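Here chain A shows up in two complexes: once beside chain B, once beside chain C.
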Partner chain A sequence: MTFLNDKALERLRCSEGADFSGTRYKLREFIARGGMAVVYAAEDEKLSRRVALKVLDAPDANGELTSRLMREARILAQLEHPGIVPVHDVGVLPGGRVFYTMKFVEGLRLDRYIMQVDSLPQRLRLFLRVCDAVAFAHARGVLHRDLKPANIMVGSFGEVLVMDWGLGKILREHSLSRDETFVSSGQKAKSESDSTQFTVITGHGTVMGTPGYMAPEQARGETERIDVRSDIFSLGALLRFIVIGGAQGKSAAQPRPLSAICAKATAESPNARYTHVSELAADVSLYLDGLPVSAYAENFLERLRRFYKRHEVAILLIGAYLIMRALVLLFFHR
Partner chain B sequence: MNKIVIGLLLGTLLGAIDGATAWFTPAVRGMLVGIIFGSTLKGLIAGVAAGIFARKVNSVPLGILFGLGVGFLLAFLVALKEHGYYFEIILPGSIVGMIVGWATQRYGYTTAAAQRG
Partner chain C sequence: MTSAGESFPLTRHSVLAAARSQDGAERARALEILFASYWKPVYKYIRLKFSQSPQDAQDLTQGFFAELLERQLLSRFDPAKSRLRTYLRLCADSFALNELKAASRKKRGGEFAHVALDFSGAEDELRAQAIDPASIPSPESLEDFFEKEWIRSLFSSAVEELRGACEARERQNAFQLFEAYDLAGEENISYGELAARFSLPLSEVNNQLAWARREFRLIALARLRAFCESEEEFALEAKALFGVSRQ
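Presenting the complex of A and B:
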């Protein structure tokens, strides 16, 4: 008897699981499998381009997963940003399975890419671009809720894309006015728009996310307490990974201001965290510019060291001038 | 602030300070005003040259090197004219040029037209 390996099984699933005969897409290869869906590389035959196709791949008796996948596509469609993977199309297969297509990103996941980047400032600038995308989503009233290195892609031209908005939560409809009350109650959600359906699905007690990157309130299933600060927790954990975790086998020394930024972002209580992603990003930018960060109160020596680092060339040049002058006065004195 | 203006201001200031240090050399103390004037002019020329260079070339090491070259050349010419004090004039003058070269690279803006030209 011959056993099929995983790759062969995936190929079989790819060819047998989904019938794309009535669509403009031709499946090329399997990319990844998630909890409810599978992602393939596919060919858009109409536009002759490669796309990533996500199709539902789990039994869905009550239509819950279908609506979740549709919601994910809608969330992505709302978030037009260079740091968020754009959705191209959404559809239903003859068998009733829902799919959507998005930009096919050629590149590496952050957890693999970061191993190739030795420079800490370069890694931090990468993190800032993730913050930029997440801040944009927050401004549009969308939470990611599953920010982690595996969900961030770095393209071949260095572009950073936040992927997998499957656990995304719409805090408010973008089309609604600014003072629209945030939807946080499951009871209220049932009677409201489509954006609230996910709140029903992730009602109190439902835990979704990735351990280590999930905020404590998210891990406890307190969905009504989840807000932008939960994503900030994940960003803090991501920052820690970028600074320490990404440096496996290399020096794991973490600069104190960065450590303090991570600690503030990943504080147990949401009230102790940054209130906006922009605040977190601002602190990281300040660190990059050699300026004091809000999360860390430095002592006099640290301030002196930072001042020296920031003005190293000027201090060395002025020092050289003074030494030269002193030497000239001492040895060429007439 | 424009890179040339930064070079001009800083070069003038550092040149004047550099000239004023001649006070510590008793032998030339009587000529202090002339020395300060000459040194200021030297710093001004080096600063403007470094500013023009910084508008064309965007590189801190090259800027410092250019400042060193201009500072050295001008100081050498002054020392040649004075028939002496080579080290006293050339060494600090070169470093002043380096400082101005660095500052014009680090600070100030460059207009798009200057970058094209």
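Presenting the complex of A and C:
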């Protein structure tokens, strides 16, 4: 029987018939498979570095998949942001298959990483960084359309990267060439125009996305109704996962203001959701700072409790001082 | 004598279900398939983990499969709790430990006389892999080793089946290209060089290789399916092996 060495084994596991011999890349190992393409870890021999390489998993007869992959690469190339995985190179193989390479992110997917993070504020800060990246993409006129924990990577240095822009959609109102300033979370994104004005350039009326994270209008295939609020729905579902899912086996308690934020972001009607990612991020930031959030009208007791939590040390100090003062007064008036 | 690559039942029927069958002939055939697919990973694993001589590892390997048959250990396997190869590895661990504790061991293994056991070939493979038992640091790496050996065994038998299929369909060219490009592990060879070497047009190299790889995958997946008890398990295993869940 033929003995297969380790190289042959890896090749058989990841070889898809793509001939990389004429390129500067050598496939090292299989990473993942998407709907149309496969991602490998590869070695860039020119620069001696590891890259992630995405290539169509089969020759493309009518060119539709090729143009989708090229569009994805172009979207990524334009979205230069620390929270979005950068694209390095794009090319065509001798067989006609398109591929592109991007930064190889060593780390964990958010759904796995979040299990290791006990602190809710720390988990929420991760979420805010996802919001930063998505807000930036929206400001550039790009929707992600497939935001979910599996598409977020947390690198070994804690960097958060939004991956897989394969379902990304370009909105007409904001061309990719426009130079718009990145707006960090917690600020109003001035460059974001009214989301309802966005119209869709691409779209086939087909349902693309992930159940549970896909907005209702997206699930119904109503491509003309998909806008930034569809991504906001996904972010709301992601926030719920981060707050509840990440707390599996630890604590199932969900603070009411956060529940309200999730509920508003994932409202059935797009009109009932936040209109910009920055608004959603601002609410989460307010919660983190112990301030009232726009999505939740708190009662007097809750306001009092929040006030106490926010100023706990000062209140305790003042209380201790008053008690001491009272004791001193009592002692001298006896 | 048969090798693992021959007359494999390419059906959706699980080897495990057959191994528990009331029909003696079906049960024996299923166990033979299981033995053919697993003897080499088990042998290499025992050689490395328990630092046994080739002769002792051979006895233990044959003894383990005889025990599997005698004590009907497969009937205790619960796919909900573990994967088959994890179960088999743990059974092999326990068997080898017990045997090594015992003062003497009887030679067994005649039960699978129809399966060719190329122990010297397995030894050559171990040497080719240049694995030094002393350099194996942790039990985890041995689990990975067993996993990889199982894949190697699965792929090797699939390659043999592909070779036979190519001969039967007179597509030897496709197998030769597949062998040169995918099996030989020559990193720098290009499709262009293959085309020149085999005097074929580039497009023909492309097509033949695509066909051979597709056939190889179908064969490997059919073999994999035979070791899975459910479609869900198969989907997971196929995804782990090739990153696919399709059939």
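We adopt the following convention: the second predicted complex is superposed on the first by the 281 of 334 C-alpha atoms of A that agree within 3 Å, B and C clash if a C-alpha of one lies under 4 Å from a C-alpha of the other, contacts with A are read in each partner's own complex, and residues count from 1 in each chain.
Everything below uses one rule, namely that contacts are C-beta pairs under 8 Å (C-beta built on N, C-alpha and C of every residue); 3 or more make two chains touch, one makes a residue touch a chain.
Quick caveat, the model's predicted, so the values are computed rather than measured.
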TODO: Based on the superposed arrangement, let me know which partner A:G22 touches: chain B (first), chain C (second), both, or neither?
DONE: second
Open item on the list: Let me test your reading of the model: by the given contact rule, A:L120 touches which partner, first (chain B), second (chain C), both or neither?
Closed with: neither
- [ ] Could you let me know whether more residues of chain A are touched by chain B or by chain C?
- [x] C
Task: Which superposed partner A:V105 touches (first chain B, second chain C, both, neither) - done: neither
TODO: Figure out whether A:R325 sits in contact with chain B (first) or chain C (second), or with both, or with neither.
DONE: first
Open item on the list: Per the contact definition in the header, classify A:A32: touching chain B only (first), chain C only (second), both, or neither.
Closed with: second
Task: On chain A, positions contacted by chain B and by chain C - done: none
TODO: Flag every residue of chain A that touches chain C in the complex, lowest number first.
DONE: 1-9, 11-17, 19, 21-22, 26, 30, 32-33, 38, 59, 94-95
Task: chain B - residues contacting chain A, complex - done: 21, 24-27, 60, 64, 85, 87-88, 91-92, 95-96, 98-99, 102-103, 106
TODO: Under the touch definition given earlier, write down the residues of chain C that touch chain A in their complex.
DONE: 3-5, 118, 121, 124-125, 128-129, 148, 151-152, 155-157, 159-160, 163, 179, 182-185, 187-193, 202, 206, 209-210, 213, 216, 220, 241-244
TODO: Within their complex, state which residues of chain A touch chain B.
DONE: 313-314, 317-318, 320-321, 324-325, 328-329, 332-334
